[in-house]
Each structure stands twice: as C-alpha cells, then as structure tokens.
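Each chain carries a letter (A, B, C and D) given by its place in the written order, and its residues are counted from 1.
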Amino acid sequence: MADEAFEPKITAFVCNWCTYAGADLTGTSRLKYQSNIRIIRLPCTGRVDFMLIQKAFARGSDGVIVSGCHPNDCHYTSGNYHARRRWMVFNDLMEFMGLDMRRVTFSWVSAAEGAKWATLVNEVTDHLRELGPYTEYQRLLNAGVA
Amino acid sequence: MSRLGVFVCHCGENIGATVDVTEVAERCKHMPGVAHAEDYKYLCSNPGQNKIKQAIEEHQLDGVVVAACSPRMHEPTFRRAVTDAGLNAYMCEVANLREHCSWVHEKADSTTEKAIDLVRLQVEKVKRNKPLDTIQVPITRSALVIGGGIAGIQAALDIADSGHKVIMVERSPALGGHMAQLSETFPTLDCSQCILTPRMVDVSRHPNITLLTYSEVEHVEGFIGNFKVAIRKRARMVDEDLCTGCGECLQKCPTKNVADSFNEGLSMRRAIYVPFAQAVPNIPVIDTENCRKFQGKKCDRCAKACPTKAIKFDQKDQIINVEVGAIVVATGYQVMGTERFPEYGYGTYPDVITGLQFERYASASGPTQGVIKRPSDGKEPETVVFLACSGSRDAAKGVKYCSKICCMYTAKHAMLLKHKNHHAKAYVFYMDIRSAGKNYDEFVRRAIEEDGVKYIRGRVSRIYEEDGKLIVKGADTLLGGEPVEIKADMVVLASAALPNHGQGELAQKLHVGTDPYGFVAEAHPKLRPVETTSAGIFLAGACQSPRDIPETVGQASAAAAKVTALLSRSHLAREPLVAEVNRKPAPQFSDCTGCLLCETACPYQAIGHEEIKDRNGNVLKTVAKINPGLCQGCGTCVSLCRTKAIDLHGYSNEQIFAEIMSL
Amino acid sequence: MSSISHHDRQTTSLANKIQEVTGVALQNCYQCGKCAAGCPVAGDMEMPSCQVLRLLQYESPDYDRRVLESESIWLCLSCDTCHSRCPQTINTPKVMYFLREEAVRQGLAHPKSKDAQAFHKAFLGSVARHGRLHEIGMLMNYKVRTGHLFQDMTLGSKLYQKGKLELLPHGVKDKAAVKKLFKRTTGNKE
Amino acid sequence: MRIGYYPGCSLTSSAREYDESVRAVCEVLDLTLVEIPDWNCCGASSAHVASEELALSLRARNLALAEAAGLDEILAPCAACFSRLASASVELADNPQKCQAVSEVVGMPYSGGVKVLNMLAVLERFKDEIAAKTDQSFRHKVACYYGCLLVRPTKVAQFDRVEDPQSMDQIMAAAGAKPVRWSSKTECCGTGLSTITRTELVANLSGRIVADAAKREAVAIVTACPMCQTNLDMRRPEINQKLQEEHRIPVLYVTQALGLAMGIDPQRLGLHRNMVPVELPEPEPEVVTTDDDDED
C-alpha cells in the first residue's frame, strides 16, 4: 500500500526553558524516538500564535506539537498562562475553519521530563501515520479559507 | 546575499557515529547563501574555535551556523568566538545535532536528512538575523527598604555595609516591628530586645542609611535600576532636629487613656508618646486623634514642658521624592484578633488573649514588668490553656494555611509560664506539633519533659465564662475524642498570622503580585524566593508568609545580596532579545492601533504607551511602547497583537516564518 | 483529571455512599476533635462523632459495620454544633442521618434504637392519616408499638388539664393530597 | 402590614400558648397574620428518617400553598418548623429542577420564591414599636435562650450570629427587660432525641441550661421554640430530680414575655398553660440616668 511509505512531517514549537531542555535531556539519556520531528525553538509558548501553526500546515506539515512549561512553572511567570487562554479561543476558531484538530497536540514537558518527550513524539508520530497525509489542508488553502 | 559559514561538529563519535557529518557539510555548501561549510572533530575545543574564526576572516562571512550540541550548552562559547573574529554575537546560531538528533535516533539516512534540515532551519534564520547589542540600563545605585522590622533592619544593614545608600521607610513611629514586642525568643530563649536594640541603633547611626519613620510609600514608578518613589513623611508634630528625647512632654500630657498598641492594648499611654523605652528614634509623636488640642480643646502642656521648643502643632505631612535602583519589601505580618473567634467569645472575654499579648506580659519591659498576669483582675493565673492553630488551618472561619511560628511560640509561652510560676499549670491543645528547625523539636520536648507542660491533641470547641473562670471545652482525640473540660484562669490563642494591613495597596503601588491570601508573591517558590515578579523589587521576612526570626534574617540577607549584586554595577546589561513596537513614517506612525491589549497581557508590566504629537502638542496617535529595561522577551505580546505591530528581536515573525518555510 | 488505579477507592464502602448521597467528603476530616469537643452527647456515646468519621475513613467492611451497629448514631441530636464549628465544614448530622437509614436498611440498627424508630413510625403514621400531627393518637400508637404503656401517664393528664392536648385530630382538609404525596415518595399508604 | 402564618402542629396543641401569645402580640403591633390555607405538618425529624423525598415534599406543599395564596413571606414561630421550612425554601430557591420535581409530587406548582422567617426575625423589625408600646417597667432579668435551630445551620437560618446571638436580647431590652449575659444561649436542650425515648438524657441537657440561667440570677428563661419550652418547662420535675435542686424559674415564650411587658391580659397570653408557674418577682429598681457624662 502507498500508505506504508508515508512518513509524516511534524513541526514542533517548543519553549526554550522547559521543553527544549526536556528534549535535550531525552538526548543525554539516550532515549530513542522517531526522527520525523523538527523542533523550532521559541522563548515561550506565549510566543506561539495561530499564524505559526497555519504556516506549518501550509508548508506541508502533517502535524504540529506545541509544548512548553507546565502551568505555574513558566519561566516568564505567566506567558504560558496567556498561551493557554488563547488556545481556548483558537481551538474554536481552528475548528470552525475546518482545521483537523487531531493534528495539533498541546503538551507540557518540563526540563526534567526527557522520557515524556520521547513518548510524546512517538505517540504523535504513530497517530499521524495512522491519519495519513494532511492533503485536506491544501484543499482548504485553495478554497482560501486557511 | 549573505555569506554564511556552516560548521558541523562530530563530537568525536557522539554525532559522527550516527549522522554522516561529512555529507551534512557537503550538502550545506549548496544551500543558498552559504559561502563556506566544513566539518570538524571537536568544535568547542580551542583549535575548533580557531577554525571558525579563521574561516570568518578568510571567507568574509557575515553569519555563522554551528551544527553541534545543544545551544544550551555552547551557544555562549561560539558567540564569543564569532565576536573575537569581529562579527556581532547574534549573527551566530546553533543547530542541535546531538541532543535532538544523533543521540535520539539510530544511524540511518533519515537521521542524516534530519540533521541537514536542522542546519537549514538555522541557516534561514541567521540570514534574517540582525546585529543586536546588549541593552545597557543605567542603575541608580541606592536602595529603598520598606518596613523596619527585623527583616528590613537586616536587609538595610547588609546593603549599607556593602557601600550603597539605603532609604528606610517605616510607617510606625519607631523601628523594630514585632520583634521589639517579643519577650524571649525560641529556641534559645534570649531576650528579644537585647539582641534587637543594637541593630536598631546601628541603623540609626549608619552613614549610608537614611531612616524615615512615621512614613509611608505614596507612589512608585519606573523599573529596575530606575525607580522614582514618593514618600509621605507624616507630621509627628515634634521637630526631630530640636527634640532631645528628654521625655518631659510625655509626663505632662493629661490624656492618659489611649490604648497602647505597642503593648497590644494591655496598658494605656498618653496622647504624646514614644512607643517603647528603647525606641529608635527616641522622638515622641503626637497622636492627633486623641490629643486634646487637635480635638478642639485647650491644651498645650507638652509644648510648655518642652525645653527645646520642639513641639510644632502646625507641622504638616511632607512628600519626599527619592530615586533608587532596587526596592526591598519587608512589611511583615499581623495577627488575627480575638474578636475573630465566635466560639471563643468574639473577643469579649478579657482573659482570652493572643500570643502577642502574652509576649507583652512575659516581657521584662512590658506592662507588668514580666510578671504573667491576666487582664480582667490583674491576678497571676494558675491554669493557662494555650490553643494552637487558632484560626490557622481552619478553612471554614480562618485561613487554610499553617502559620508556622505558633507551635514554637506556644511551647515557649508554656515554658515561660512554668519558669515564672512553678505552680502554674499549662495545657496546650494542638493538632500537630510542627517544630522542624535546628533545635526546635528538642525545645518542644523540653517543655513537655522538663517543664511538665501538658499537651492534649484536639481542638477546642468553645470557651465560656463561669464563676470567674474560663471553661475550655476540648476533646482528646488520642482518647478517641473524649471530651475534656478545663477550668482556666487565662486562655492564650496562637492566633493566625495574616498579611499586614495595607499590604494589598502597597503591592498595587509596586506592581508586585500577591498570593491568594494576600502575602507578597515570590517569583519562584523554590529558586527565586526573595525576588518578586517585578524585576528590581525583592522581598524579605513575614510579608511573604509567616516565618520566624532566623528564617527572616536569612532571607533578608539573601535579598540584600541580590540588591548589592544589582547595585554593584553602574549599568545593567541585558540580553537584547526584547520586543519592540514598530514605527512608520507619518501619517501612520505605527501599525499599532493603540488597543493596549498587549499592556494587560505582559507579565512584566513592560508595556506602557506613548502619545505621538505634532509640533503644537496635539496628540495624533497613542501607541504602545515597550520598555526594553523591563521586557524579558517572552513574546506574549507579539502573538497577541492583531495588527502585528510588535515583533521580538531574535525571534521575529520573519525569522520564524523562514524557519518554517525551510522545512 | 483522569482518575486511575492509584485512586481506586472502594466503591462499595460506606464513605463512598455517603459522599454520593449526602455530598459529605469524609476524607476532608482531619481528626481535630472539635466536633466531639462541643457535642452535647459526646460523653454519652460509646464513640463520639469524630471517631465515627475516623472509622469510616478506613473504608473497611468491619469498621463500617461497627459504625452501623453503634448506638452513637442514634444519639445525635442534630443540634448542628459540630457542623457549625468544624474547620473543615463536615456536615456530621447529615452523615448521622444517613447512617441511621443505612443501619435500618441493613438490619444492623442498635437495639436501643427501636424506641426511636417506633416514635418516628407513630409520628409519620399520624401525619399520613391526618396531614397534621395528632399528639394523643401518636402517643397511643407509640405506646402500643413499644410497650411503654405507663411512661408519661401523669404528664399526659397534666397536659390535658392545661388544655394542651386535643382529643380529636385537626387534620388538613385535602387529605387525599397528603396521602398521594406519601404514596409518591415512599410507596407507603399507611 | 400582613405576613403569612404557619403555626405548625405544636402550636395547635401542646404549644397552644405560643400561638395565643403570638396572635395577641401581633395584634398590638398591627401585624396581620394570614394563616396558610390547609397547611400540613412539616414532617419534623421523622419524615427525614423515612425518606429525603418525603421530607422535602411535605415542606414544599406548605410553600406552594403559601405561594398560591400570594404570600411571599411566612412566619413560622416554631423554631423546628422554621428550620425545616427554611431549609426547604433555601434548597429550592436556586434549584429550578428540584422545584419542578417536587411540584409534581406535591401536585401544585412552586416557583421557589417564598421566604421563611422565624419569630425573632419578625420581631426585630418591630423593635421601635415594641419600645413604644411598653412602659419600660418590665425591668426583669431574663435569660434569652435561642437553642439550636434558630441559628444553625447558618446556611439555613441565615439569621443573627451563630455563637452568642443578640437579636432576642435586643428585642427584650427594647421592652425594658434586662437580659443577662450567659453562656447557654445556644446549647442544645436535647430536642433531637425524640423527647420521649431518652428522657434521662434530655433532663441532663436541659438541666444544665436551667441551672445556668438560675445561676446568672435570671427570673425567667425566654425562648422562641416549643421544643425548648417543653423540655425546660414540662420536663422540670425530671430536671429537678436530676439536679437534686428545686428550680422554679419559669420558661416564657418571647411573645408571652413581650405580652406581659405590653400589659396584655395573662389569660390571653396562655400563661395559665405553662407548667412551671409564672410568678415574677418585683422588677429591678429603675436606674436613673443622668445626662452629665458628656458635656460639650
């Protein structure tokens, strides 16, 4: 089957202080995960906005991960709090626009959670492999919605 | 077109064994904008760094990507290296081939492909990097300490000893806070006044400290290194320069029936008073609410008595403006009053007192010269019941938290009672004995084992008066909840420690956060316990949460260390990764529409606004303005701004979009 | 939040049922004893209220049974002293009520509770019949149920002399409405 | 002024004098009592034991009847009835679904808007009138006894402060009486123990209250609850036997005491029905208040 050859493309937006460091720890602990993911480092999940996610899909990503510090652990005191509040609004908006929300994963991975990062990446990769390529998005793009 | 250099590291086998490093370097050469690419065994070694420097010169590179370990590891190393070669530090980026690639994937083509992608991301980013300079914020090298309890005293002395100027603001007429009220202190039972007084004197004599008592902070603006503070120095109606502290005026004042707050209302003072004998400064103050003259009656006896004509009935409040680089909040706590306890009589039984009142009785300088008496008839009580956790750990009517100090001072009180009156009986009703601290549990055991204090595990349901005794109805949960009734002469409530009154208003003035109870919030509960959420404002002592003297002093010194570290430099160097609101030519001026949503979202209060005016001073537009001294670069405002008027240096929209598009 | 295995409370425990029916979360009781300290009948109970709660906190069948068989749960006056002073706002009287119902349901009610049960039966019987309480009728009924025939005889006659007892019941007019109400809620026509 | 009136079962029989005195006093205060038509028993504590639903429905029927009669406030002088009805009213007030369900059982609509008041809450509104309608010669030391149900549970009672309540003391003071300070105001008299079943315990609990009042030199205990009154008054022989003392302090309903202060005929106040004879000593001497403590 054609699907067997499908390798999902995943873009991750992670904060510098927690998840980026957590992913470093995965490395120092030599824990393995699948190599489909590309990490983009940001100061804080508060910096992530809808446009970034949109761009990633437009560029052909099959899935997006957004991960930062646990609530109350934000390096910037409340940046991720704002992010979370914004997500609640965005969630509705994205869904309304027809975005496949199964392809966006929000998570908290702290600097100490190297193993959690490995598990998260593997789960998301497997899941996206099941979902198949996000061809739907191009249709949305063409329709001028996204 | 940029001329970039890419340097790919093997890290010995660490990267090299999994990723085909030479292939990566080879492929990079063909990326647009890349002028040079090479690989090397250990880039962080001196020869490795030299290679980079040489290449920059040789190939006239204007940007560098190092593909090696995590930037959290060696980004500073490589940024230093490129500056040595004359490039701006921020023209160097690191691709993480080790932690995010070679260590987490098996050797495979896909792994090498990923490595190339990771480099490409950074290449695209660096192309759009702009040279940035560290931000230099000038620092006013003096500090303000708010609150003159032991926390404030310690912090002020430490800062002043390091050579910096300190302005200390205390709202009561004298220094000392609650520690001045205490009798003897656990766990050593040394006399509180004896160890405190020398420090208060030190404060008043220190050449670097300006002491403003009977004063309060009126207004604060500015930011780290640059605070402007207005202080209201209230009129004490006594000229501080003329007064010699002789005390003649106090003797003559006919108003003798004012409840003495220093003695927790257990004695009376005059309308003109000095809070206590060792007060610093030893200058009286007229309590205008009780003074006859100020109540419209005829009296000037104090003025007549004063040999130096120091009494000035027409003195006015003064506003003093100061500039400081750092602020320490040390405003302490207050205790819950007996009126807050319905089942213990709403404060109507005079012999139900607070721990603080007990301290005044036990104090050699207190209203009874250290003899434990009871308020109703002045008799020495034979049976005293102490109630731990009064109002604390009481979600229903008090506060949820444990007040932390009361287990220890209750043991101390019971012990002091026994020491002063061997026949007296002391009972303590408690839920848990929380005595974690150096020599603390030993102290409590001593009260039980040597002084025979009876501890009963249970809370008290009710207290009422009968035949001149207080009937204390409790239960012993170690006997299965068996009711216990004690006929007591006096009951001492270990009443909860609360945020000081006025704490909320002060926090607002300072823009520092408070916790749900109203105590000042720390920046991080474990790793930044003496910093607040506002840069340059620190905290010390019981204003953060209830704590005892050793902890308060330790924390005050820690806050002082933070302040001196800040004030030791003339400028504050800050990473230039800050946000900025764009500017455009007139008539647009900026994409900003002035909605100021960003202002409310910024966790650091870094955003204000500015008015763009024409030559005649007419306001043309109001736009957001970010203070780079305060901005920490979190990017929250950027993602919030609907018109994309804000961008974040180092993580600009353009840079991130380019990264995404490179994939 | 997901509740997984390390939270698995015994679903059949009394504590669990109590939380379901009354909303009282027994695990919030931190055993300070303040309830027992103020309870007017704690001294007469073989185990005061806080100990009843403590036993239930174990969620063990043996302890649950010990509570249901106790006399303590029948002595509670519903005076609410404990509840109004509890730092954790545990509604103990509500729990006591539940425990009585449960004890009766499981046939474990303390023998001394018979009188109280008989009293409630007699009382309700009177209300079901007349819509209001008819004291004499209720007392007669109670005496027959318990066999305490001569208890309070002198008092009764005194009450009568003071004009405080009505020989004939003053019921509601719409007796059918009350009967229906009983039927709908208890299925009992009494 | 008019207000809904729910006498409850006791006030029609064993506490008849409470009903009589309430009506007499309200007449003087110009307060018209509109009895809820065809009210039924509130179920007391017995209904609760049988079924929560039954207990709620019995109470709700009365509220629904009141609503149908256009009464938005009802006075329930019996503290037990007050507590029962108030708890139902509170429970239903902000729970439309429950209102709906209970309406079906009762067979009458109820919207949840009826407020239940106890005797003291109503009298508190008339403090000035009470002062005006009495000649202030009722200068007796009285012990105001509130019992459990008027103040607890606070969420239901929503009245006065839970420890050391003041309303009755203030009402009696308005009538000229001298309320004593005492500590048994809200101690339980034992009502909850369906009185007949555990007489010895009740005598014990009520005995403490009677002894305390006597000790504080009160000449009467004043109450607003038939259960309390019954326990302290009717059970006096058992109490005295338990205490091994002859306590003769009478137990008056607050309306009886007010009625006396207002000069209402004792017969109309049902005083002859009290078990412990109501014989009050000479009132306390009048304290002449001079006006010289503050000049200015």
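Everything below uses one rule, namely that a contact is a pair of C-beta atoms (placed from the backbone, for glycine too) under 8 Å apart; a residue touches a chain by one contact, two chains touch by 3 or more.
Keep in mind that this is a model prediction, so the values were computed, not measured.
For chain pairs A-B and B-D, the one joined by more C-beta pairs in contact is A-B.
Relative to chain C, the chain whose mean Cα position lies farthest away is A. Between chain A and chain C the centroid-to-centroid distance comes to 57 Å (mean Cα coordinates, whole Å). A separation of 36 Å divides the Cα centre of chain A from that of chain B. If you average the CA atoms of chain B and of chain C, the two centres end up 53 Å from each other.
Under the contact definition stated at the top, not a single residue of chain A touches 2 or more other chains.
Chain D has residues 162 in contact with two or more other chains.
Taken residue by residue, chain B touches two or more other chains at 343, 462, whereas all remaining positions touch fewer.
All chain pairs in contact, by the document's touch criterion: A-B, B-C, B-D, C-D. Residues 161-164, 183, 212, 215 of chain D touch chain B in their complex. Chain contact summary for the complex, chain A toward chain B: residues 7, 9, 11, 20-21, 23-28, 30-35, 38-44, 46-49, 51-52, 55-56, 59-61, 75-79, 82-83, 86, 118.
Partner chain B is touched in their complex by these residues of chain C: 30-39, 42-43, 47-51, 81, 85-89. Those residues of chain D whose C-beta lies close enough to touch chain C in the complex are 9-10, 12-16, 38-41, 43-51, 53-54, 57-58, 61, 105-107, 148, 151-154, 162, 186-188, 190-194, 196-198, 201, 205, 234, 272-273, 275. Against chain C, the residues of chain B that register as touching in their complex are 343, 393-398, 431, 457-462, 473-477, 480-484.
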